[in-house]
Amino acid sequence: MSESKSHQRRLKRSAAHERFRRAGNRVMLGLTGLMTLLAIVPLAWILLEVFMRGSSAMSIEFLTDTFKPTSMGGGGVWHAIVGTGILIGLAALMAVPVGILTAFYVSEHPNTTLGLAVRFGTDVLSGLPSIVVGLFVYTIMVSGQGYSALAGSVALAILMLPVVVRTTEEMLKLVPRSLREASLALGAPEWKTSFQVMLPAATTGVVTGLMLAVARVAGETAPLLFTALGSNNLSTALDKPIASLPLVLFKYALDPSRVRNAQAWAIALVIVTLVLILNIGARLIALWRTTRGVTQ
Amino acid sequence: MAESVMALPSRIPLPAAAARPASVANAATEAQASAKMMLDHVSVLYNVFTAVANVSLPVYANKITAIIGPSGCGKSTLLRSLNRMNDLIPGARLKGIVSLDEGDIYAPNVDVVDIRRRVGMVFQRPNPFPKSIYDNVAYGPRLHGNIKKSELDEMVEHSLRRAALWDEVKDKLTQSGMALSGGQQQRLCIARAIAVEPEVILMDEPCSALDPVATLKIEELMKELQNDYTIVIVTHNMQQAARVSDYTAMMMMRPDRAGEMIEFDVTTKIFTRPKDKRTEDYVTGRFG
Amino acid sequence: MTFSASHKFKRVSSSRVGRALHASRGDIPFKTVIILSSLSLLGLMVGVGVMLWLRSGPTRETAGWSFVTLNQWNPVGEVFGALPFIVGTLTTSLAAVLIALPLGLGIAVFLAELCPLQLRTVVGFMVELLAAIPSVVYGAWGIFVFIPAFVAPVGNWLMNTFGNPNRFPYLPIFQGPFFGASNLAAGLILAVMILPTISAISRDVLLAVPRVQREAALALGSTEWETIWQVVLPYGLSGILGAVILGLGRALGETMAVTMVIGNVSQLSASLLSPGYTMASVIANEWGESRTPLYASALLEIGLLLFITSLLLNIVARLLVWSVARKTPEQRA
């Protein structure tokens, strides 16, 4: 059944339009490359400014002295370093166990109602503004008892939790099922299987999760405004306000004194360096892990 | 609206290819048809792995050429070299010459986009765009410039008629192409391919995801289409190859996992008096 | 050679109950603990909403809906209308999304479709690093570097070119006065901060588009760009929308960087170049001064608003992003 008579050329192609298509293709593809380059510009710029301005104000004394008024030279940020260390350390102590245990449940039972709800909840929790988290902790911990380091840690722990859960869950998923089944087949109870077989196999994952979680909260300021409040004194008390590097950065940046502004840049240098090391380190560990093989 | 719509020649001249190899002389003497496409000692390599080794075969105009063979023998890879779809795979290289109307399609300054318009493809699983039926078919023509709505309507109807789908969808052109049944989706993909007025249509196991009724419809369609197009079909269904094709190429996997063509002939000969024992074993179902 | 070796095996109680108990010793507490942990995570979300709701009671009762419609924030006179902050938040966030959307999409297209594989991880990582820099550092960079070096000249140029009320009476968005700290500065910095969110999620969405869709388009004689623009992007549209909404959500809640560059003036203005105020920054700024319970409750109610909008946006966005991955199985004819 031949229909070749109706098979005339209907499609009108013009040489000009064809050239336009090819040229348009090159232009648009080039544009996307340009945009990517454009995105790197602010990154490079910020890092450059932080390193240049921060290092010119940096000194050993800056890191080891505590607060002094500008009339006495400005002092250092040792109190803030200690404060940040305590806040993050406590927060990690709270977030990591809860995060790992939650990840155990979610990776074993991903499709139960609770599992789905938790996975969804983790995503949503990670999108909450940190200021809202700070307000929440204020209402449950500060409004009766006053500002405290513990409250600050709790706020940071809530922010760290989704990161720990997500990274640990991803890593647990990568552990081959056969490992778990072998352990169970040998008669080990579930909890032993989880702690002695699955967790060690996912150690690097937990470590990278911790690193990324710390990087996430190292620079957090807003939630601390309502919980730890900040302080000029060196303190390790958990039930009193405590200093923290980002809080001091905030205060010094807005301070009219140039000495304080310069110190703010030095603090920025410290925080950014920490964040960069943690992020790049976590990436490198993950890379090293995948090139070595799945387990351990 | 003085738009200079210069009617382009149906093909943009390609660099000249080498002369036809003697290996296909036997089939050439049988047919009086001319070769629309020619593969001359073609090998396809992915990095260091050879997927297809040294295949030479003609694709005669307005005929249906089937490529058959057991799984993994490189049939699809060979097919995809005809419209340079293997270019999409990083590390893929081609040796030898693939020519379309005597022009080497892999020559350096060749416009790949135009080759792919001239050599269309229908895939194993129907893959309509998540657009309406109308927009699926109109996609190709729209690429080539502003076409008046009335002309576009006509082109869409024409393509759908040729793909034997018009009657079933003419009242629901605005519905999503993905809402059709499997067989209808595949005919939609055929209509879509026809709309850009290709010269060759490649079909990669087009019926393997379809039921027997839909398969039969598509086979009928192929025989109608061959009046205006050259068709190359890869199929693992021997009966289909026997029913539908004019020429058949039999491929097999060598011990080194490369695919080679072991026989090429008129279909009736391949299935009744094959020259190679392996071909005979395969078509009689002794293995495969 | 008999099988009497069975006596060497540990005596396990032969009854089924006994064996079940033995197997789960330690398992029941373990299972309870992990379920409790998971529940606590959900409980947190609920708790945040509940506590904010309760503690914002005083203002909710006294002000009612006028809280969101009244354009007057008067702590001294105890009149609390949060409209200026709501408008300020929306202005800066929408400006940020308008800038970050084309850029983020372009980057996602580049990384997903065009970039050679080796470069992809490195470049993608660099774009993600933008998200790792703390908000307060962005703020400091904003005050001391970005505003003087970029926002000020650009703002001045905009004001001089388009901001003359006599020449462009219907274009108030570029009118002065302009002091550097402005909605424009906040919008630009927010755009940089949400760029990684939009581009990373869009990139994942594009990578999830099935290969056969691209192949179908290319086999019809499309150029690469035509394939991307007419087939890949439309296929992933709902996911990209999700990415944009997530970016918007992030922009809404950004506190420190915005506080430091927006000027903190609670006055509604139609101009991008005037200073502004957002919900998050008013809470951060005025918390220390909130002496009265009503004042504190007002700030908490703003926090509640932030919580609700962020929650809704997140839920919608996640659903949209998940929907692209679920579309793929439909392909099976």
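We just call them A, B and C in the order they show up, numbering each chain from 1.
The definition used in the following text is that a residue touches a chain if its C-beta (ideal position, glycine included) is under 8 Å from a C-beta of that chain, and two chains touch if they have at least 3 such contacts.
This structure is a prediction, so every number in the text was calculated from the model and none was measured.
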By the touch rule set out at the top, what is the minimum number of steps from chain A to chain B? 1
Taking each chain's centre as the mean of its CA atoms, the one lying farthest from the centre of chain A is chain B
Please identify the chain lying most centrally, where each chain is represented by the average of its Cα atoms. C
I'd like the Å distance between the centres of chain A and chain B, where a centre is the mean of that chain's Cα atoms. 51
Measuring centre to centre with CA averages, how many angstrom lie between chain A and chain C? 14
Averaging over Cα atoms per chain, report the distance between chain B and chain C in Å. 48
Please set out, as single numbers or ranges, the residues of chain A touching at least two other chains. 21-22
Note the residues in chain B that touch 2 or more other chains, in rising order. 113-114, 143, 196
Chain C: which residues touch two or more other chains? 223, 226
Which residues of chain A touch chain B in their complex? 1-4, 6-7, 9-18, 21-22
Over in the complex, which chain B residues touch chain C? Could you list them? 83, 85, 88, 90, 113-114, 116-118, 120-121, 123, 125-127, 129-131, 139-140, 143, 178, 181-182, 185-186, 189, 192-193, 196, 209-210
Per the contact definition, I'd like the list of chain C residues that touch chain A in the complex. 23-27, 29-31, 33-35, 37-42, 44-45, 47-48, 51-52, 54-55, 102-103, 106-107, 109-111, 114-115, 123, 125-127, 129-130, 132-141, 143-145, 192, 195, 199, 223-226, 229, 246, 249-250, 252-256, 260, 280, 283-284, 287, 300, 303, 306-307, 310-311, 313-315, 317-318
Where on chain C is chain B touching in the complex? 117, 210, 212-213, 215-223, 226, 230-231, 234-235, 327, 330-333
Inside the complex, what are the residues of chain B that reach chain A? 3-8, 10, 111, 113-114, 141, 143-145, 147, 151, 154-155, 158, 162, 195-197, 224, 227-228
